[in-house]
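Take a look at this one; I'll ask things after.
A, B and C label the chains in the order they appear, each numbered from 1.
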Amino acid sequence: MENTNYAIETNNLSIHYGNFTAVKGVNMKVERQKITAIIGPSGCGKSTLLRAFNRMNDFVPSCHVTGELLLDNQNLYGKNVDPVEVRRKIGMVFQKPNPFPKSIYENIAWGARINGFKGKMDELVEQSLRSAALWDEVKDKLQQSAYALSGGQQQRLCIARTIAIQPEIILMDEPASALDPISTLRIEELMQELKKNYTILIVTHNMQQAARASDYTAMMMIDDQRAGGVIEFDDTKAIFTRPKDKRTEDYVTGRFG
Amino acid sequence: MKEEVIHLKSLEAQSFRHFDLKKKLRISESIIQGLLFFAGILSIFVTIAIVYELGKEAMLFFALPDVTFAKFFGTTKWQPGIGQYGIWALVSATLTTSTIAMLISLPLGLASAIYLSEYASPRLRSILKPILEILAGIPTVVYGYFALLFVTPILKSFLGEDLSVYNMLSAGLVMGIMILPLISSMSEDALSAVPRALREGAYAMGATKLETSLQVVLPAALSGIGAAVIIGISRAVGETMIVAVAAGAGPNFSFNPLEAAETMTGHIARISGGDLSYNSIDYNSLFAIALMLFLVTLVLNLISQWVVNKFREQYE
Amino acid sequence: MNTPNTLPYPQGNAFYSTLRKRYLTATIWQSLFLGSLLIAIIVLMALIYNVIDGAFGYIAYEYKNSPSEFTATAPNELTKEELLVILKDNLSRGAYNKLDEEQTMETRSQSDLLNLFFERLVRLDTKQTWSMTESLSKGAEIQAEVAEKYPDAVLEFRSWLTPQFLTAPMSSRAEFAGVRTAVLGSLWLVGIAIAFALPIGTGAAIYLQEYAPKNWFTSIVQTNINNLAGVPSIVYGMLGLAVFVRVMESFTSGAMFGVTDSNGRTILSAGLTMGILVLPLIIINAQEAIKAVPDSLRQAAFGVGATRWQTIWHHVLPNALPGIMTGSILALSRALGETAPLIVVGASTFISLDPDGPFSKFTALPIQIYQWTTRAQSEFHAIAASAIIVLLILLLTLNATAILLRNRFQRRW
């Protein structure tokens, strides 16, 4: 039964750059259809950890990962696992909106097409844009360049294109940090809608955002060897109201850094 | 301590006493700035000189009662000495050799650029790039030797008697190799300028490296690559030595790459290399051809620069 | 906010994994990409092979006259004095005087005289030449062929690239021709070109980077420079022909300075043409070098009360100098290989006299390569190949110097 509740689990996951260990011994069980936030001071390895979840760190030549990352009992860093398949199942939204220099329609359709989507493309595009709460704003200009959209719209487009490949998990790396407060609010509202269908892992700088939007929170901190680690992982309410770790308390109450 | 302070003060009294903040006339500064300004705008005079001199002599040519624009652009035989002024006899060869060159250099150059920019490890890159740079540094007359004495005989062994000793095919192929490094390095710059975020966006959607390179990075770099192609064409049109050595001597209105024909540049080189008397119709006609060359390459270069600047703005 | 009509929880139903096919496509394309690079490398190797192949190989030749008609000793053992006597006795008076006029006979070297002995008296006659590959792979066949076709001929394996090839002047006979005249001509040309273009180019770069206001005029100047860098070299040749050879003839021919018997087709005209040609390259490279000097350095100098020129002269230029030099060397190597403008400006087709000043007639290494390549006889192709090797080695040396300079002085700010 346990497996059904958890979308993804890490088992003593460590991330190394050459001889340097950037993230050490992470054990997390990420619950299905919930929003899990990763918080912590800058440079503590939040983004590095997040990127490990869909093997984006593969592109850093010196980077290697030890421990296990389990999706449906399969280790994503196992021998026969294809990183391209992994990323199909675990999508990602980045800090700065990065739509492709293509039309709005193509931005959504492209990922589905390369991944062998055989259904009706128009429907998929519409549904994805609706899911990302963008449809009403762009339905009349689907063939226009995605660069014509505002930053907030671009970010929702990036969410829409991720939804279009129907991943199990969506990773979000500070998705609102480059946006204005109103766009940020819309993204947060959208996340609440999305969690009905997806598991969301979000890295954020913004503690109010984590407190507002997430169900679970992982607190990261670097140790004296400058390796980051999860020092506390709990219900978001618990983290913000009665943290067990002194360092977490210092951080969430703003007494740190 | 105290002594030193006193000492400094007395020094100040000697040399930094007056505070005159009025603007000073620094004559040597002004002269130097004037000289530098002159050096800076000399290039403008070079352009003016090119336009003026080429234009002047070309006008003498076009002013001849016998030479009409209709004849110049409308006929296909070029022999000013006997009243034939059809520039197409030379343009056809320029077009043919340039087309062959682009057919070679564009796919090969672009493919090399993609490999270097997207696939090659830094170590492999540091080996492969200098090789392309060597290729770019070889004088064109050496390429001419290579075209005539290596490529043509090899082509001849396949094509036999259909291929004349001097032919546009061999010249065009070698010209393509000559332009390849240019296309490759400019395209590589364009590809590398595509932000990493775009690549990551594609990878995060489960795209393979090829899909990312061809369907996301390449389209994003397209204008930069376009600029490279335009510069490549401009180089091909203006290239002289390869065609002068290997393409043939004598105007020939033909688009058949197996035939010998003379390009605009090749014609200028051959005629001016012989005994040429000033103010003859041959002399003036060369300037008319050179003016055309200058204008065509000027337009191509301007377009390319404009495209590159647009492209830069897009990502900066 | 509208209620999203959300997708069902992903089942992956509509997606068909085609990964194997996608990876196959990827592998094919990747090999095509690498293949293109390999083609470029193979062509480069073929080119180098082709040149070396042409510079060495069998040659079959006959003597029109036997050396023994002129001397009892073996020709190679003749001293300079003996050769002089033989030449004087056997050449016609006119021919001897003409040679003497080109270069006084007594001042010529022994090898030069020996060449003349073979060229003018023995009259070596090349029957056929073979490339290195042919010579090495089909030696026996060639020997048989020569024995049959030219029973009197001598067959020997010859390196066309010899020390003598470097020191001998031009000759109408490939066997005796050398590149001394051409190499000296090339050195004069690039010397004049760089003397003209380096100060002006650097000055222009300083003006554009340090003084020029950001306005439409500056941007026109900049665009113009970028454009000039892309103008076909033959157009520069036409400019040189019109301006330096014709309009400024009294200056470039040296008539102004009392030089007679000369027209505008001189080293000076060609050198200035080359200078104009490399000017935009030097400006662009120098601009890059000056741009790389950090602003903090300028501000520091201004901060202690330096004028703009003092700042440039004492701080910016010294730091940009390696970059400027590297760029100039690259421009120099461009000038060294340029051929077309020299043809247009009027390089001499045959000249065996060393250039003795800016008002001499001239030839250059690439011009010789061009002329020899376009000759029909294969022995000229052999010396063209040898001349190419000389040119490529010169270029390689220059570029290696540039790279060394860059690595030696490169500073990371």
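Criterion: contacts are C-beta pairs under 8 Å (C-beta built on N, C-alpha and C of every residue); 3 or more make two chains touch, one makes a residue touch a chain.
Not measured: the values here are computed from a predicted model.
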Contact graph of the chains (line, ring, star, complete, other): complete
Remotest chain, subunit A as reference, centres from CA atoms: C
Middle chain, criterion being Cα centroid separation: B
Separation of subunit B from subunit C, taking each centre as the mean of its C-alpha atoms, in whole Å: 18
Whole-Å separation of chain centres (CA-atom averages), subunit A against subunit C: 59
Centre-to-centre distance between subunit B and subunit A (centres being mean Cα positions), rounded to whole Å: 47
Residues of subunit A touching at least two other chains: 84-85, 88, 114-115, 165
Subunit C: positions in contact with at least two other chains: 22
In subunit B, residues with contacts to at least two other chains: 208, 211
Subunit B partner contacts - residues on subunit C that touch it in the complex: 22-23, 25-26, 29-30, 32-37, 39-41, 43-44, 46-47, 50-51, 54, 199-204, 206-208, 211-212, 220-221, 223-228, 230-235, 237-239, 241-243, 246, 276, 279-280, 283, 307-309, 333, 336-340, 343-344, 346-347, 349, 366, 369-370, 373-374, 381, 384-385, 388, 391-392, 395, 399
Subunit A - residues contacting subunit C, complex: 33, 82, 84-85, 88, 112, 114-119, 124, 127-128, 130-133, 135-136, 163, 165-168, 186, 189-190, 193-194, 196-198
Of all residues in subunit C, those that touch subunit A in their complex: 1-12, 14-19, 22
Subunit B residues within the subunit C interface of the complex: 26, 28-29, 32-33, 35-44, 46-47, 49-50, 53-54, 56-57, 107-109, 111-112, 114-116, 119, 128, 131-132, 134-135, 137-146, 148-150, 177, 180-181, 184, 208-211, 214, 231, 234-235, 237-241, 244-245, 265, 268-269, 272-273, 278, 286-287, 290, 293-294, 297-298, 300-302, 304-305
Subunit B partner contacts - residues on subunit A that touch it in the complex: 54, 56, 59, 61, 84-89, 91-92, 94, 96, 98-102, 110-111, 114-115, 158, 161-162, 165, 171
